[in-house]
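Here's the structure, in structure tokens; my notes come after.
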Amino acid sequence: MLKMNTPAPELSIFAWINTQAPLTLAELKGRVVVIHAFQMLCPGCVSHGLPQASAIHAAFPPSELAVIGIHTVFEHHAVMNANALRAFVHEYKIAFPIGIDTPDAVNGIPITMQSYGMRGTPSLIVLDRLGMVRLHHFGRLDDLRLGALIGQLLVESAVPKEQKIEAIQELRSGENCNTESCQIT
Amino acid sequence: MLKMNTPAPELSIFAWINTQAPLTLAELKGRVVVIHAFQMLCPGCVSHGLPQASAIHAAFPPSELAVIGIHTVFEHHAVMNANALRAFVHEYKIAFPIGIDTPDAVNGIPITMQSYGMRGTPSLIVLDRLGMVRLHHFGRLDDLRLGALIGQLLVESAVPKEQKIEAIQELRSGENCNTESCQIT
Amino acid sequence: MLKMNTPAPELSIFAWINTQAPLTLAELKGRVVVIHAFQMLCPGCVSHGLPQASAIHAAFPPSELAVIGIHTVFEHHAVMNANALRAFVHEYKIAFPIGIDTPDAVNGIPITMQSYGMRGTPSLIVLDRLGMVRLHHFGRLDDLRLGALIGQLLVESAVPKEQKIEAIQELRSGENCNTESCQIT
Amino acid sequence: MLKMNTPAPELSIFAWINTQAPLTLAELKGRVVVIHAFQMLCPGCVSHGLPQASAIHAAFPPSELAVIGIHTVFEHHAVMNANALRAFVHEYKIAFPIGIDTPDAVNGIPITMQSYGMRGTPSLIVLDRLGMVRLHHFGRLDDLRLGALIGQLLVESAVPKEQKIEAIQELRSGENCNTESCQIT
């Protein structure tokens, strides 16, 4: 897994939904970035992770915070394709930009998922305004703790690096595709 | 829509999941039958209808009551195919038998959906032990009212036809693909 | 505890709320009766039992089914008095009749609670149209199973006694005042 | 109502529960303080406000953040007395300190409620580490927004006053004692 407080690697995205131009983390510097990695057939993503990401997208001004979904397909590749995802995004009325993680034909785990060392879906990655990884969480995270981290990062712009308070720790781990998450096995 | 208290037309099923042999309504006579018609990308089906069907499947003895899911795809046909449905059923751990409604190449609405006059998904059809339609509901129906109908039908076997109490009326209607349902337009 | 399928003892009520004249089970014969025994400071009663009783009261016609709440105070007697209950019923907008179980100065458990052998709150007692006890449940009972029993009893009027199907069994037990229930100790 | 970013007036507390010594805001300087004003018979307080306060109490270290409940009784005074509150706190297993707002015999609205200009219950007051009022909210506030404010305030200690970002605005208002809140009329 990525180390905390290190620069987030650039996303590797095959195609985008809900955005006219491709997004890069480089361009988003200056904003807090909340990345929600999901699969459209992951029950915990559908029931909790995506609604939470939509709530964040609605609660905070886009000039201060960007929400990005990444479709990180590591199982059932044939049926969770781009067209299926577009239908899913349409039916679930998801409004924030979603990138399709670039497939890796060799091992089945897509490129961004690999470079971030994600353990499965849902995964939540939060970057500060400097593009540093401040949260890397697998499974469900409650709104109160996630909100506290976001609030902390929103006011951090003027705070010098050495005063940075440690981000919220990884709080719990999941098992393979229960109601909350799907884990790489 | 089908008339209440008339015989339910036989299902037209392209392929079955979660059952070794194909099911027919003819064979299920003698049992109460709860049919949940859904689409895997219909949000109201995923959040409410399918969990309710699973709860019914768990609560009542299979010798007395059969739960059947029918995948009635009337939109996004290409991505809600049989393989996608199999992955969905696996990830959501659905245990009751599911039939794929036979596609109709001409108008896009599958055969069983047509013969029952369903308005969209989720739709709930309940048959009594004699195979008569006793509920035909589009959208969400609460557990209390649905449970009451099931309880009524479970004890009805010995009751002569002419004493049958009217089934619970159609309670509400839906609009096109909101959080609760997807309607044919 | 009362035996199933035996006549329910008459209620012993100190005072009534939400009804102009006192109610008796004798007068309610011919209707299904759902009795919800609660305490206003029992968390499981407030979060689950009373909303369920209100939903039953709203779902079924009063000519066929009567909902009665009974305030069975077995702890904190001084603060769960009649005036406190009236304020509670007002603030929670409870619409069905509520009887205050007659206190027993000797052992602290009120009279109706004793005669029914209730184990704590919430307790759910369901009587058929003949006034027989068909459910005696301590703790939480889901809407689906409770609805099924109600549906069964609603159509039972014309069914001779000997064909009566056994009521739903006692499904689970509780512990002393957790989030779901408060038990007599 | 109190102006934002002004010093919070000292609490006027008649008696304390869940704390050995009386608390003062003066002593709590240096910590973020979350004050939840409630009434034990206010449905929105019981279903949402108090569980949220308990979640905050569990999520953040007491050395950094203090949660205080204040019982601000402005109706049904006779039945929401100190003994009733103690039974309520016991049954609902509330763990954080609760102060009983000092009654005002003249107008029925207790002293702290008056001095803070609260509009009803639940009310949420949040103070920064300097003791300044940073949120004054009547009714329900979601965990995400409240968490964001808490996160902001937790890192604010080293930030000079003039850089303080405006607290989250008053987000919605309530009506008199619906499921969410009870308003002074």
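We call the chains A, B, C and D, going by the order they appear; numbering starts again at 1 in every chain.
One rule holds in what follows: contacts are C-beta pairs under 8 Å (C-beta built on N, C-alpha and C of every residue); 3 or more make two chains touch, one makes a residue touch a chain.
This structure is a prediction, so every number in the text was calculated from the model and none was measured.
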*If you check the contacts of subunit B and subunit C, which chains show up for both?*
none
_Between subunit B and subunit A, distance of the C-alpha-averaged centres to the nearest whole Å_ = 36
*asked:* Just the number, please: Cα centre separation of subunit B and subunit D in whole Å.
replied: 49
*Would you give the residues of subunit A that are in contact with at least 2 other chains, written as numbers and ranges?*
none
*Graph of touching chains, which shape: line, ring, star, complete, other?*
ring
*Would you mind giving me the full set of chain pairs in touch?*
A-B, A-D, B-C, C-D
*If you look only at subunit B, which of its residues touch subunit A in the complex?*
41-43, 46-47, 76, 78-81, 83-84, 87-88, 91-92, 177, 182
_Touching residues of subunit A toward subunit D in the complex: what are they?_
52, 55-56, 59-60, 142-156, 158-159, 163, 165
